[in-house]
């Protein structure tokens, strides 16, 4: 997870607005188009489709869903765009993987950009940009990565599980966005566990690694916040949209989606507060350890410095030092020194330093 | 009290929206339905009722209150839902015990989710989800736990104490929610006492346990805030609701309830500020103790290091050291050393270190 | 001054809403009713009045002011309430001395709750709840304590000083609230002086008592903020009230009152910032003192440890140590040691530690 | 610059609202009235004028400007007020030098209170209250101090420089307020320089005086903020005023003035952030110095304590200590000790402590 | 990059409003006017033009773009202003290089002020003020510096690349502002890299330079925030402008520009949080190093002080000290001392200090 937004953007400096430049990581994989067409009764699916395939479904009354995996071929995106009449500024936004989540009303459609997160095996999170275009009878979805995150939705379409086949393209859009938002909860769960582990560790003790770990956590929370906060506006703008593309029944579901996003945002805020709390525990733990170190030093020094002084006194070479000749002088000095040690230890015990 | 929201949620990943899955703790207790039916003149009550019992009251003009204790049997909730025509998305919210408090206008009803807190004997707080559905002539309440928290309301109904029998289902809803909110005050009281105790302890001294205690306090306040803040919107949305189910007279009471929630939220804010203050007192107390430790070390070292040096000088074995032969050399050295000690002590007294 | 809100509230748990329970401190003093009736030409006053006295004035066209000192007799409040037709929920608010300041439009009146502060001789502040009910031709004021804080207003009424006799019950309400708000300024003055004194002390040095004093200050400011902030809404709600009870001329004065409350709130914000600043000065003063302690230790140790080592060297008992036999060995060693001390002192002076 | 607001206010406790009491510093200087009357063609000026002089201009169609220097004679303010029909509550605000900046619509005029700052020779800032009353054909300005801050405006009027003579009383009001706001920039400049100087000093080192200086800065910024923030509302209220006294052409200038105030407020915010940054630099500088002190102590102690121990060992008086008899024993011990010193120094160099 | 706003402003004190005074750095370079006139078919360009040149294009239907490099000749600005009928207050804003970004509706135009940033070779950023006046058929742009930052736009005009020649003056204005905003991304990138470098350094260790670097970063972020935040309002005011000068098609592009500014502001907020995080890492790193220093001291002292004491004991000169005569006394003492060292080291290892 990186916050690489700015680095990417500046590569575009000097190009006229609306230039189609993919700013993400260049890959050699193919860009894969998957076209599905369905209504209540039938379902048709074409993987590894061409632009021409897409075009052939455009004017059918049944719902068409075109899913594009991979954004590193601007030419494909451009021909798709011109085929469905999408303004070049939106194509630019699709390709600009540093785009902030947003929604725009097209004349006869909705354009939505958001970020998806996927967890790989070792619990690291990868972010990728996902864009949607909703038309009268189609949904186009474009994702940055190559692992199709919408496969579960397609399988529901195939098997006609749930209401999805009967509720048109706006419900499909909802189902896709809901899939993305559901993944946010997994990311939150992983983060929550990392916070919990750090917390448990810290209340015992801190290590060299604690501060970098807290800092990484904060960076990730900052990035998530930046990515997810604008989604609230995106979804509430969808609800207020005047295109009429989002029907009453679907609005109901989208309000539910809005609710989930609010819940994610709430949890993020929560995590940020917990992370600040972690930092404070860490700092107090550093101070406490210092305290402990100093206490050990003080106890040792306070016990031995005075008795070392006494030993030093009787190491002096004055000719006239009567104590040196006493029969029990040596024993007496030991007695005094032990008494001093006992007194000091009592003092420390009273001060609760021991 | 845990903030386990995220953990629970992610179990639902991959299910289509509206799937009825109970995400809370699984229990073996029965789900208990209690049905009450009343108007000004009569009161009827059936505990351990079946769905069919519920159904039989549905079309009576008198007020019906169905209370469900325990959410771990989705099938029961589902049949209840289909009996009263509740949308599956709301049933999903009822079962999702990690749901954020919210209110939704149904076509002919209100749907409300909130959290209830109960104090057990040892002053630990348990949170459970409570949902309400208000219809023309009925209230359905569902709680996660098995201890019926609404027994006092039922007993008021039974004995016809107060206005409750004469004011219809909206007033009943108010009475139930008021019961939940009243419990918030008990939780606040316990928290307030814990803050007070910590404060008194801290102004004297801190222990190993102080920091974890402050941290637990903060977590609980965070959780409470997250749980109770949305309630303000919930209740003000009830007041603005256009279903007409909440009559003028009841609105009056609900405004009072709103007032109470504001008061709870105010107190929570207060507690959060006091908890930050606690943390600052704690940190300053750590610094102060360090200061004290260092002062002891400095006083001891500053007194004994110089005189130990003097003793060291006269422990040297030079052949020509005239002082060693003086008659009063030894006494003189003691004199010098005592003078130095006195001077140091005076210095420390002037510096107010003693 | 305590923040005892929560403790008080929870005593009411389990009672149906609208139960009249006095949650403040129980007292044995009588509840004193004072009834005044006046218009431009006449003024009549009855102290220690009964409910019947109040009733007799109810339908007169002249302005009636009923002032109740003491809230610990719910029965008296209740009969007064039923006599003037006040809803039992408002009576509950009057008795609930933990009530947040608020204003409510009654059908034919205004209901206002706020907090008054009085300074006793030793500059401690006592808070008490004050409630007002404004009707067509009357004002009822109720205060928690027994010392009538509105005596100055009554004396102005008696002597017909200012415009008060000619401007009706809404102006009277204004005059009473203005008296309460004027006392806020006294409390602020005392707090301001305490902050100033602490500031002066702290810029010199801190003591054991500093931190608890700062903490007490913060608690009091928190309490004041919680008590006074809602007053802004209360007064601006009065200005927007649609009952028509507050006439144009009085609105003018109430805007002035609003202004004063804003000024109090501004000062409170100011004080809170100054108190945070105090805390920072305190913490930096703790660090500085630590620095000073460490400097003394370091100077002493750095000077004496090396020369003690030298003394130690010539205290060794090797048979072959040529220096020991030198005529000027001892003097040389002293020379070296003094040179080291001088060098160290110069170093410390250069570092500005001396 | 003091924040003496609260102290002043409480002197008014007990007086009925609208009492004219001057709460500022009492002076023996005269209150000076200067009356100017002008239109495009003529300009007339009368210094040290009487109330009667003011009255004689009241009904002329040309613009009259009455400027009052000094507020310590309530009787003069009162007669001026009654002469121009100003409500006693406004007169009270004029005299109450602790008044928050505000604007009020009079029936046929505008009333404005704000604070002016003047820099004296030694760069200390003095605040004084300035009030304005704008009528159909007149402006009355009242300032607390005795040094006429509006002399530059009068001289522009005299010499007919700029547009001022042709644009009526609303433009005059603008010109006066603009003069006051222009002075804010001077104050900001002085503060900015003080912050810059402190910053430069702190990045080198701190002194005893640093903390009090930072604290003074913060207090002054707090005071400025409190004084200048409300001005935004004042000016935007002027722009929205419905009296029609501020004509279209002047609105244009007042929007410019608004802009300047926003700029001042922005700079203040900036300064507050820089001052917090100063505090953090200060605290880190204190920590750093402590670190340095401790490093010196540790280096000295770590080098000398072990070798002192060695010297101590060979100072023991055991009869059988073979090393003592070795020919090169003494030289060997020195060798070991020097080796240890070198090793330690290398260790410290590796740790970058040297 | 400096925050010199206040310094500059105060030079204008005493001048009547609307005086044309250039407050920036005085330069000796010429002020260069470049006039371009174009429509879809033709493009004409005149560098180093005179005011008369500008005038001659004024009434042509094709679009005219006048670009002024350098603001240090108020007379030129003034004649340009009078030629195009620009109000002197706007001319004042153009020359006042400390002007806050703003937009104003002229009667028949738009006036916009903003800040441009340019990166020089060594990655230092220079800020300069840029103003735009949009009329029916012209755009006037004025920049403070002498390096024409709009050359890329002119070259696009020349070569007729993109849509720029066909979309009129409002699109030209958009293209110019877009160029300025694109440069913000470069500045952000440089800042982001500096933050990243500091972060990496700090997680290893800090140096003398760290704190000043963090502080410089904060000052720059403060300055950027102050400069860029108001731009949001500027652009959204452009979108709401009622002059009709910004046509539907261009609004679309300006919304995109707005989006970019939001993205810049988001990143700035992000950076500010990261910089605070840096400070916290720095402070914790200072504490940690202190901890380490203290640990070294404590370990050394705790090991050697006790055994030095033992050596001291057997350096005493008592006549009767039986151990001194033992055959293996010396060896035994060494044994005890080594045992103590081992015990201490074990203790430290258990405490994880080693």
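Observations, loosely collected:
Each chain gets a letter, A, B, C, D and E, in the order it is written, and its residues are counted from 1.
Simple rule for what comes next: a residue touches a chain if its C-beta (ideal position, glycine included) is under 8 Å from a C-beta of that chain, and two chains touch if they have at least 3 such contacts.
Just so it is clear, the structure is predicted and the values come from calculations on it, not from any experiment.
Matching CA atoms, the turn from chain A to chain D amounts to 145°, rounded to the nearest 5. If each chain is reduced to the centroid of its CA atoms, chain D and chain E end up 26 Å from each other. Work out the mean CA point of chain A and of chain C, and you get 43 Å between them. Counting only residues that touch two or more partner chains, chain B has 283, 287, 290, 294, 297, 301, 305, 308, 312, 315-317, 321. Viewed as a network of touching protein chains, the structure reduces to one closed ring of chains, two contacts apiece. Residues of chain E that touch chain A in their complex: 152, 156, 161-164, 174-175, 178, 182-183, 185-186, 188-189, 192, 199, 203, 252-253, 255-256, 259, 262-263, 266-267, 270, 273-274, 277, 280-281, 283-285, 287-288, 290-291, 294-295, 297-298, 301-302, 305-306, 308-309, 312-313, 315-321, 352-353.
Across the complex, chain E is touched by residues 3, 5-7, 9-10, 12-14, 16-18, 87, 89, 98, 100, 102, 104, 205, 211-212, 215, 218-219, 222, 226, 279, 282-283, 286-287, 289-290, 293-294, 296-297, 300-301, 304-305, 307-308, 311-312, 314-317, 321, 323-330, 333 of chain A.
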